[in-house]
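Across the two complexes that follow, subunit A remains constant while its partner is subunit B and subsequently subunit C.
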Partner chain A sequence: MNPTNLTDTIVALSTPSGTGAIGVIRLSGGEAIAIADRIFKGAKLEKAETHTLHFGEIKDGERIIDEVVIGLFKGPKSYTKEDVVEISCHGSSYIIQQIIQICLREGARLAQAGEFTMRAFLNGRMDLSQAEAVADLIASGSESSHAIAMQQMRGGVSDEIKKLRQELIDFASLIELELDFGEEDVEFADRTKLQELVEKIQKLLKALLDSFALGNAIKNGINTVIAGRPNAGKSTLLNRILNEERAIVSEIAGTTRDTIEEVLNIKGVTFRLIDTAGIREAQDQIEAVGVEKALEKIKQSAVLIYVFDVIQTQPEEVKADLERLNQDNIQVIAVANKMDLNPYTKAEHYTGDHLSEDQFIPVSALNNMNIEFLKDRLYDLAIGQGLNEESAIVSSARHYEALRKAHESLDDVLKGLNDNIPSDFVAMDIRRALAFLGEITGEISTEDLLGNIFSRFCIGK
Partner chain B sequence: MNPTNLTDTIVALSTPSGTGAIGVIRLSGGEAIAIADRIFKGAKLEKAETHTLHFGEIKDGERIIDEVVIGLFKGPKSYTKEDVVEISCHGSSYIIQQIIQICLREGARLAQAGEFTMRAFLNGRMDLSQAEAVADLIASGSESSHAIAMQQMRGGVSDEIKKLRQELIDFASLIELELDFGEEDVEFADRTKLQELVEKIQKLLKALLDSFALGNAIKNGINTVIAGRPNAGKSTLLNRILNEERAIVSEIAGTTRDTIEEVLNIKGVTFRLIDTAGIREAQDQIEAVGVEKALEKIKQSAVLIYVFDVIQTQPEEVKADLERLNQDNIQVIAVANKMDLNPYTKAEHYTGDHLSEDQFIPVSALNNMNIEFLKDRLYDLAIGQGLNEESAIVSSARHYEALRKAHESLDDVLKGLNDNIPSDFVAMDIRRALAFLGEITGEISTEDLLGNIFSRFCIGK
Partner chain C sequence: MFPKYDVIVVGAGHAGCEAAVAAANMGSKVMLATMNMQTIAQMSCNPAMGGVAKGQIVREVDALGGYSGIVTDHTMIQFRLLNRSKGPAMWSPRAQSDRMLFAAKWRHMLEANENIDFWQEMVTSIIVKDGRACGVRTGIGLEIEADSVILTNGTFLNGIIHIGEKQFGGGRAGERAAKGITEQLIELGFEAGRMKTGTPPRIDGRSIDYSKMVVQDGDEDPGKFSYTDTPKLKNQRPCHMAYTNPEVHDMLRTGFDRSPMFNGRIQGLGPRYCPSIEDKIDRFAGRDQHQLFIEPEGWETVEIYVNGFSSSLPEDVQFKAMRKIEGFENAKMFRPGYAIEYDFFPPTQLKPSLETRLVKNLFFAGQINGTTGYEEAACQGQMAGINAHLAIKEEDPFIIKRSEGYIGVLIDDLVNKGTKEPYRMFTSRAEYRILLRQDNADLRLTPLVHKLGMKGMEDRMQRVEAKEAAVKDIRKFLEKFSVTPDQLNGYLEKIGSSTLKQGVKLNTVLARPHITMEGLKSALPELDSFLSKYDAETEGLAEVDLKYEGYIQKEQEMVDKMNRLESVFLKDTFDYHRLSGLSKEAREKLTNLKPRTIGQASRISGVSPSDISVLLVHVGR
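Right after this comes the complex of A and B.
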């Protein structure tokens, strides 16, 4: 995609393909209105007010293709800041093809994936981070992923980045000023204060970097693996957990399932429940193969729900299982099932260094006892205090990379300050950090970067 | 569906479901604008002009669901003649579900299939035949089916019917006037002229009835069966015919294939090519099973393309094959293949009572000789002079039935006139014919009829 090619007028179907009541074809660019006026028999759009709707016919010579409603947006008051014409036609693939063909013949070209939004970015309607959020918004399948995308589209992440960037620019200005007075050995920038400022910025960067684990998990769903010995009651527990949620999930079309067996929605956060085949015992030892398989899945997950039967499984067996299954960077919940059969089971028999009391959840899947509590714990573990409206959450791997590199550059700045290296080297490191932050909002961008970003959009957006 | 329930405000997604750049949610009814005003943070729609577009946010309390553009159509200047609000949101299933949910909570109800168009009919924006054409238009997959649907939507068939109906009403008025003067034995209606009028109307009805075969074929595609002995060159011929067309057909999504093997488009008319297994010979006799199977397919078809090899097949064999395969109501083309091997083959050796010269098409599939001519003949045979812009074409089985019954009632009128039966009986038969014609345009309708018609629409139209 050549992003500098803004002179073309582009056209695409903006609604999903397939038969429906209506389809919307979008034209954007300098010729959009002129093209529409040539094929539309109705009001003269050139002379019409912006933000108006017009009923009429699309004609191919004398042949009527369809009766349509045209929505007119005159630039810069449009999505792309260019002239935009939206043609609402009957939702027949044949009619849609015909109208697009006529637009092409009249001088438009087919829009590439994301090209309308790319123009919105290039024409300054939104920054790059906001433009990226449009694709996330369209793909969002749960309340929380929707909330993150919406926050980003409305400038949440950008605002944070821009604030940091401004502080850095102020910082840099002082240093650069010193360079201008290089021979006089003045120090406009108080080194101690500068150091404090960099540390403060790094702290903010760190918070954004930390939010990525959560942001990414929310965007893609939180992989949650369920493991346990046979007859621990995994299936019953799974059914209990999923009971009322199934319908809600299935309402949302396009939920990716892949190898995931069940999808659970807790307070708007998607958990992807991955069942393991069950860990089988062999001569009092957990069978190697079972553990192997479980471990593979655990490594790809953020949460492990270990289910055991309080009647059959001894505390030392639970401890052995957990020690075998536990991995770095995974949150563990141990679900003590069949508590109805032994209500006097005590948490302290099971807890210890390998399992805190918080992680021990007594339930009876059969009697639906404590299931809601288990879900709450699951949510708290995965989300914690991460989701609140004030703090920006980074959910893009690209943003994460840029933030990480900016953080590294600031490490170099700090090191330079400590080592008392010449100011021009410090200034260079600051400029590097500025460039990485600028990549996020698109203040600094390359064609490759833009091509990468917008190619993941759908056509017509 | 209860068509009298026009007081509800209805809501539905009008674009195909699935992820896309945008989705359009349509609200129609007395509360449409009030509901939109409650959930939309932007311009006050109540006070806005009709046919205007408004950018703003859909909010659920404090939570922003999406940034949207609202199109406002104030009744009666709308599709349904009611107030209509169209919400263009980001094409995420989650967002679409959320917005529809909020509309429901604010007092709208989900629209049933075709309910927007049903309202357009009930509110007098279009007659029933035109409303039905909207569904045909959406389903149209070829130039000719599109043309028929467009003509019907724009009142083509309705105009013809209304003209006939008006003539009948004039006719009936005179008869009914006679009844008022019953005892005086006056004759306002000249019986001879009346008879001429009925005959003229029947002629028009007949033309419409005759057009149904074509209309139905065009709407659903023309079943064309290909039969021939093995090695006649059927496959090569099929490939030649389909060569350039395949790509065109595959561009149009949703083309029904069912058991049809190939779809061919000639001048915008869809031919469904049904291949037969091939007729095998057994002791100089066409094998019973092969013929049986071919006959089954021929019975469901409008056109038979019989392919034979001018080198291998003798004129008497061709004659025997054709006599076995020929059916009532089927158009036959005999394709003499491999003409390159025997260019001196003469048509008159093959033609006769069973095959006219027009039906004999010499080709060489191998050398691509005469293939275009074959296609032209195929088109002419199937369509003839039927497709011209002046004449209305009936493509609906419901219309056909009503026309047929109207024709029958007029037969009774004619019989009554000939038998000199009392005028009140004649008047009754005329009223019956009027009722059948009124069903087509919806001047006379029942809830059952409407329910049937609109249930074949998609939701949101």
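Right after this comes the complex of A and C.
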């Protein structure tokens, strides 16, 4: 991004490209209002109050391009703290292209990826962590991921980290005092108290670290694999959960040869449902590839829904399958399909060492029995108690890495205290922890970190 | 009457002497101008060099070819390595010096340098032509020409001494203040400020009862400062510790109404870290005693320095309070303590080379920059001396990084952050303390000045190379040496370390907590005989290097990370006012200070981390 052009007025489409009901074109910069006034037939924006809407026409010379509504935001009370004009037009790509062309002709420059947010950041509208959150907010596809991004944007994670960092700074200064003034008669820092403080901070760090798995899952959706023997009814179950006919369903075993991905929203959390080919010794080559793929998918997932047919499959076979499919760090739900054909299906026949009773759910995919219950279980299993509005959730890999290193440095601090090593080394590990925490709030920012953040933005956001 | 000099140094204290030596040894013709040649290299305050962080600086000055370490080694009467119970970053050499011998030795060493001339007179102004310093004018109207000028005026610029309600002009007890320079500099556009420092009374050692005090002896095996072959101390004089008590405090309080500190007569800011005794009892009213160090001023003299009893209270109050101290019941005073106020120039007006931004080839060093301490002054003098020489030759300035030395930390702090109170070095000011140890200053810094071509560095460089090779050999030996449980478990059990189950390499054992090379030597005769060919300093360095390898590596990683910001350069012409994302203060500070790199910008006070993020994004990183 060439920053010498920061004084330019920039323009870009702010809604997704393609045809929609409306499209919003955003202008930002010193010339934004003047440019809009030149192409807009309606109220004189220059003289209008900030934060007002204006109906009128965009004209190219005498030719009317579209009827539009203009939102006027005069700096510094705007997203970028510059003058911002938002033109809401009809969502045809032709109209959008025309309006942007006219703006360019009138002196605006096409915005680069992330440039609106970069300006907001450069003009002091938000800090680094918040700028990052904007990227997440824009990309958020569900209520929960939206909530996390919003919370981060308002400074939730930053605040929490800043608080921790301050406690740690206080701690560090005690040790520093002792180091530099040990020859004079100063009081010595109480090692037990220091240890307690470090442990307390680590506990909080740990909670934030743990929240990453969840935060990450919510941000990207929770990968959920549906697997089972051929013809156990996986695809039927998928269709039933999604409430629509997506997967090709037939009574011939092995119909689903490729994996199918669908997105499901349960209580605001996105689940990526992955249907797989049946797990068995494959009869032909296409199927063999499919089975391998399924196993691969399971390894990349957070939840496995294992579906079996209560009539066809023996409890021993279920146990054997689960043994084969079970992976570390995966939550398993065993779905006993076709329960209508055998309503007396009992969990204890099937659940061995691998499953607890509440991980066993009898359903009938065909007759839509117990499907809502299955969804509830799915949500509980994946989210647990992790999500409530107050708790800070870490969803950025950069934050996670910094927290991890801070935690590691504090481990070194504890080890140092435990081994009774000289305090100059203990102080060093505390400083390292402080530096890593600082990376989250932008207290110490390395250039590559900023590059990462801004390259993530899509044009016009 | 005078030839044209390359460098004129104004003032012959610790900064001035080192400045003269550094410039002279770089090859410059130097004129050292001082008001009184009898007081060259005076220890105006306590008769000691070094201490925590300060000792490291003296070692660095020595590694850079300065004389402070050599002079101290020749004139000390006691040596202690402080903080031995802490880690190696904290080990700090400190010496009591014979005050008179110290000054005499310095003068001899200066006189032995053929590139240094002397002139005894007050310098009243600097000759400035076209924004460039080109000489000085003296009190009797002489003009001495030079290509550069270094000011090291200490506490002399408009110095005012306070004792109780008495106040008089003076740069030091019994010496005149210097006039003229401040006024000229202000006229040239410099900003000046006022600072305050103080010194305790000197007393007659024959009049105090040492039997009532705690003896503090020097180290059994005293070390030294210089990396060269200076003599090792054989005999030492002890110091003593005494304590104030509530009676002392009550007596001192009777003089508070006449204290220039409390009645507002002194406006300059004093060091919080070196408070006067009245300040201590006022601010820490809850404490009923304060520690005092009773330090002899030399081998022969009976004069005693009462460290910790700095005061500007009326002399009679000082005297009466002192006599309430146990052991001081009959104490006689040689002279009272006093406070001194003097002019300084906020060091943010300097470049990292210590050259002023306003006047080319004019350099400031020492207390004129708002620092306190002989060591802080000496190293600035040295850097100014080297850089004055380089400036005349139009070569790049010599700048020590924060990761290379305390000197780098000191100057970087001064020019970027400035200082409101007298700046004293602490180890906590250095973010890379583990790397900046007193045992490796030569390895860190000698190669740098050797490369600059400073005279007399060949021999030092050879020592550095030999030491590096030796450390490498020792490392190799330990990494190859396998020890069996039989050989070591006796020693390990004795110190409560877990015993070995199988043979391991010796370096891994040394890395454990509480294991020392000394202990390993006692258990392993082969190691003992291998190490016998190395001197204690080399062996010690190797031990630290191996034992704390993990920590040293971690610290180095942090340095490398920071250095990336140090290599993002900012142009002098950069228009910070265009960047509205910067805070107003940051815009102003950056415009004034013109940092060379983002790293430097990040350390300017008033420039926040978010300002740095803005700059980083702006320069396209």
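In this section, the second predicted complex is superposed on the first by the 299 of 461 C-alpha atoms of A that agree within 3 Å, B and C clash if a C-alpha of one lies under 4 Å from a C-alpha of the other, contacts with A are read in each partner's own complex, and residues count from 1 in each chain.
Convention: contacts are C-beta pairs under 8 Å (C-beta built on N, C-alpha and C of every residue); 3 or more make two chains touch, one makes a residue touch a chain.
The shown structure was predicted, so the numbers you read here are calculated from the model rather than taken from an experiment.
> Applying the touch criterion given at the start, work out whether A:29 contacts subunit B, subunit C, both or neither, answering first, second, both or neither.
In the superposed model, A:29 contacts neither subunit B nor subunit C.
> Have a look at where A:221 lands relative to subunit B and subunit C in the superposition and call it first, second, both or neither.
A:221 contacts neither subunit B nor subunit C.
> In the superposed arrangement, which partner chain does A:122 touch: subunit B (first), subunit C (second), both, or neither?
second
> Considering only touches as defined above, state whether A:424 meets subunit B (first), subunit C (second), both or neither.
Only subunit C; A:424 stays clear of subunit B.
> Mind telling me which of the two, subunit B or subunit C, contacts the most residues of subunit A?
B
> Which of the residues in subunit C come into contact with subunit A in the complex?
Residues 51-53, 82-83, 86-90, 290-291, 426-428, 431, 433-434, 513-514, 548, 551, 554-555, 558, 561, 564-565, 568, 578-583, 598, 602, 609-610, 612-614, 616-621.
> Can you list the residues on subunit B that touch subunit A in the complex?
Checking each residue of subunit B against subunit A gives 12, 14-24, 26, 51-54, 63-64, 66-67, 69, 71-73, 86, 88, 90-95, 97-98, 116, 134, 137-143, 146-147, 150, 153-154, 251-254, 457-461.
> Which part of subunit A faces subunit C closely enough to touch in the complex?
Contacts found on subunit A: 1-3, 6-7, 81, 118, 121-124, 127-128, 176, 179-185, 419-425, 427-429, 431-432, 435, 438, 441-448, 450-451, 454.
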